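What follows is a pair of complexes built around chain A, which joins chain B in one and chain C in the other.
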Partner chain A sequence: MLGLNKRDFTLLLIVVALAMLAPFLLNPFPEGSAMAQFNAGYPDLMQKFVIYGIFAIGFNILFGLTGYLSFGHAAFLGVGSYSCVWMFKLLGYNVMPGILLSILTSGIFAYLIGVVSLRRSGIYFSILTLAFAQMSFALAYSVLSNPKFNLTNGETGLQVYSNDPQWLHSAGKPDLPHLFGLSMRATHEMQLGAWQFQFNVGYYLCAIIMVLAFYLSIRIFRSPFGMMLRAVKSNNTRMYYTGLNARPYTLAAFVISGMYAGLAGGLLSAVDPLAGAERMQWTASGEVVLMTILGGTGTLIGPVLGSGLIKYFENIFSKINDSVLHSWFSFLPDGMEDFMVTIVHPFVGKGWHLTLGVLFMLIVIFLPGGLVQGGQKIRGLFTGRTEAEQAQADANQSTPAE
Partner chain B sequence: MDAIILQILNGLDKGSAYALIALGLTLIFGTLGVVNFAHGAIFMLGAFCAVTLSKIFSISYQTIDETQTDFLGNPLKIETPYVEHWFGPEMGSALIDWSVPLAILFSIPIMISIGVIMERGLIKHFYKRPHADQILVTFGLAIVLQEVIKYYFGANPIPTPAPDVFRGSFDFSPMLGFEANSVIYPIWRLIYFAFSALIIGAVFAFLQFTTFGMVVRAGMADRETVGLLGINIDRKFTIMFGIAAAVAGLAGVMYAPINAPNYHMGMDFLVLSFVVVVVGGMGSLPGAVAAGFLLGILESFASTTWATTTIPGINQIIIYLVAIIILLTRPRGLMGKKGVMED
Partner chain C sequence: MGILEVKNVNKRFGGLQALGDVNLSIEENTVHAIIGPNGAGKSTLLNVLIGKLIPDTGSVMFDGQSVLGRKSYEICQMGISRVFQTPEIFGDLTVLENMMIPIFARRDGAFQMNAIGATTGEKDVIEQAEHMLESLNMIDKRHFHSAAMSRGDKRRLEIGMCLSQNPRLLLLDEPTAGMARADTNNTIDLLKQIKEERDITIAIIEHDMHVVFSLAERITVLAQGSPLVEDTPDKIKGHPKVREAYLGESA
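Coming up: the complex of A and B.
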């Protein structure tokens, strides 16, 4: 269905269901209970899940298929954010032109950077993309924000001011980002017993776009084009000797993944109309690499899982403080309680990056295929099939349908 | 003319740091074939060795002097560092004052053991994995190291001054025949430059003139053959990893008085050092050193008022711009060899 085989269609349905029912699924604990702090079903966080999901899906098209490790993808995220806010400033708060422009500009950016960077491969490619991204960061942070020519508004971040033209803005429209009059912040709250569920317009817009992006990535993975990209990864030289010029294909993959990143950046601005240069910093590029690896490089669902997990940790782990820890370990005798709190303390709250680093190292060391490989291993325990057999089965499934 | 000399001097101290880190990176890459993203973190650990030593020296006990009062009228509390108590006031205060240079001695064994533990404990298992995996696991390690430091030392920079003798500046002008005070330069930075030149010289001499160095060079050229000759090349390479860590660590120790160390200084330097390594040519030791100084000096020239008014922001992007141009015109970097990282 939809040009997908049965297996992929099931996967797509799962993603659709997860995305649409997220407000329920991420809110399993009743309001006011001790576990309520683990709820992730509030709009801000859910928006981040799907937006960074798009970012990681796009990154995976480049890294997962061609094996080119770009350390500068955050540049496209930033470009997308800035373009979207500029559309808000010039045309008004409707998000559609902003999102379209952010895809377009980041595509152009990705083309220019890609043409240059893809002349090299391996670590050189990583360093080139890193250099370009750091350059864009420096440009956005200081150079392009002088009084004569203020494109990015520097440290403050680009935002909409009341004296901006906003040509298409009419009196009846909300004064916040909206989709043809429907405010992105509009939230419908549903009280169901002790549970409270929030349905947010911004989230659902992002979720629908994420599902579309996911569908597109399945089609790319299963297409002859995707096959070609995989061939680049497995043996570029042989491709070259067979008389195929691989560069247009890798360039196309680079531009597509850059456009995904731009789309994610545009959506970030659409839900919160403020674009700052720190989105382009290399730590942001590192983050998307982590998400993709954590979920499973080269798998379809992996990046979505990875981005969800990292953003969840970032938000939930960083909220846990000592008093919460004390309440968790209160069942232990006093000395033990303090001891456990001391042990766990460095890993939560402000130290959640430490957890992230440790988790990341463990994943790279023991599960190079990420969470998806972990899932397969567990499945293998039950079905009795070895990993190799499963990989074989997966490979058979992944032959293009066309 | 004096302005040009001043900018070259300004570039030297940053260039020295780049060169030392890049030298360590290249040593690790050339011997073990591993792209070590945790090298910046090792540099940072070195700087924190200096911080730790100066903190240890200034651990003090309180005595209450009843004869004097502080501004609130309470009896004055006098803090006396234990070192002053043990070694006498003069020797003690000299120790505190000289904590950064002393940290050099203290850091060498620490950094070598950190390097060896890293190699034996973690990186050893990644030789057969793809470069991307090596990058990722060392990147994870760098995050962990810097978060641990952040946990113990806090997120703020910790000022670690150089000894009193070396504070202040040196006036080059009379020596070069300019007006007085036209070329003045902080003494500590001169020392930093001299120190890094010494270290670089020592590393090259070690590789060139000792049997150990000869074996290592042979191993870099053809690991398998050296192994077949009955030499335990793995152990030698492990020691080289330790030495590379010590080089980065020493660069960090000496850098502490120039910029107050904070937990993310390693990452800031790492990105630039990678650019330096790639510009110099992957696997080429002289290339790394030359590119380090070259980029440091270029950066300082780009920070002059003249440059920043002509092209605004050039100081922020010059290194990346040069790296891009060099990589596109000379794909193997300035002194890169054929066949390194070209899969």
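Coming up: the complex of A and C.
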């Protein structure tokens, strides 16, 4: 189906279902209940889930297939964001030109950085990409925002002002990012008993693009090109002595994943037309590495799961403050209550990074294959097969009948 | 005029003369063994042949073209394939996928962006790969994870991958090093079979005299960086200089 084998097609269907039903799935708790703060089904956060999902899917094409660990992918995200906002400033608030330009510019940017960085492999490659990303950050933050030539608007962040040209803008169109007149912020709310579900245009645009990006990544993974990339990761020496130059393959993978990052950046601007330099900072580059490893490097769905988990932590765990904790532990005697709050306090609210760090360590130590491996283990418990047997069975299944 | 001509090659590493005035000619469609005691310069010579090392002086010509200064993938495209001392295969890939890569490489050249079509759709490539695996008696193992196989199987696969490129010259660097006796004999049989089936020149660097004398038609003995003698196996066996330098007095 669609050029995919049965297993991949099922996976694609699962992702489509998850993406389309996310407003329901992420809002399992009734409005106003104590658990409602764990609901993640509001537009802002759902948009982040799918946008960072795209970012991580693209990163996984490079890191998962070729093993080249880039520590500078946020630079492409930032370039994409700036490109998109510039389209808003010059042409108008329709998101399509912005998204297309962000893919294009980040692709060119990735090509230039890739040509230089890919001269080295391993840790040196990582350091080179990190250096380029930090240079880009410095350029965006200060150098390219002087009064004579203001490309990035520095600290304030690039945004649309009323005196911008917006050549294609006409009076009837929304004064916010829109898709051919359909505002990104338009949200349909549905009240179902105690539950409230929100359907947001911006989210569904991003979700559809994410599904397309995911489909493309499956095709790349299963293609001869994808096999070559896995060969590069597996044994570079044999690659060269097979008469193949590995450099164009890795460069192509680098550019593709850079374009994915640019697309994600463009979408970030499309749902919120403000691009700041902090999107290019090294912490953002590190985050996508965490997402990919958490979910499962080199697996198809892993990066999507990983980005979802991290964004969930970032937005939900960080909101649990002391008063929430006190209300949770209020059933305990006073002394115990304070004691429990003190214990839990460092792990929630502003300390959510601590929980994430512990979780990351546990996963890397016990599940080197990430959440996907965790899923396989659980599956193994039910079917009584070990992971290796499972993988073997899957491999046999994925090859066509002779 | 041989298919591979090495002329006046010198290579120094600091104070060590690794290769001193090496002249070597490998005739087309022969099995040519290069032997010598440890430190004789065998590996250095091999690295010069495949362009990994540039000699200080001299020339290496393959079929009338110089190999010096070319990238390893270009040399491979000229028709020289190399089998390594430790089998170099794509360990993360299955046996069938391992075999498909050289076939893709031969079909597409150094780079082809074939990013959308499924691998499973490449019927002719799979067919050729399976055909090669059949001739190696490895067809049952085609879905095996290649890193998990025995040394002998990995070697078999590696040789098969080299043959898939239709090389004119196959270079083998101690192909039976670290192998069990049965695997060694299997490898010898495989190489004999290859020699019978196709027009190919094989250059082999080897320690194991059993392997050398079972396969070689010509033997060059290296000692201290220079060729000592070059002759047929029978004559090499009885050659006094060789006994002295390599086999030792007791042999």
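For this structure, a couple of remarks:
Going forward, the second predicted complex is superposed on the first by the 393 of 402 C-alpha atoms of A that agree within 3 Å, B and C clash if a C-alpha of one lies under 4 Å from a C-alpha of the other, contacts with A are read in each partner's own complex, and residues count from 1 in each chain.
Convention: a contact is a pair of C-beta atoms (placed from the backbone, for glycine too) under 8 Å apart; a residue touches a chain by one contact, two chains touch by 3 or more.
Please read all numbers here as calculations on a predicted model, not as lab measurements.
Of the two partner chains, chain B is the only one that A:289 touches; chain C does not reach it. In the superposition on chain A, A:248 contacts chain C only, with no contact to chain B.
In the superposed model, A:80 lies in contact with neither chain B nor chain C. Contacts of A:43 after superposition on the shared chain: neither chain B nor chain C is touched. Those residues of chain B that touch chain A in the complex are listed here as 35, 122, 125, 129, 131-133, 135-137, 139-144, 147-148, 150-151, 267, 271, 274-275, 278, 282, 312-313, 316-317, 320-321, 323-324, 327-328, 331, 341-343. Against chain A, the residues of chain C that register as touching in their complex are 50, 71-73, 76-77, 81-82, 84, 88-94, 96-97, 100-102, 104-106, 110-122, 125, 143, 158, 161, 165.
Chain A makes touch with chain C in their complex at residues 3-5, 219-220, 222-228, 230-231, 233-235, 237-245, 248-249, 252, 256, 392, 395-396, 399-400.
Across the complex, chain B is touched by residues 67, 69, 116, 119-124, 126-128, 130-132, 134-135, 138-139, 141-144, 146, 282-283, 286, 289, 293, 346, 351, 353-354, 356-358, 360-361, 364-365, 368 of chain A.
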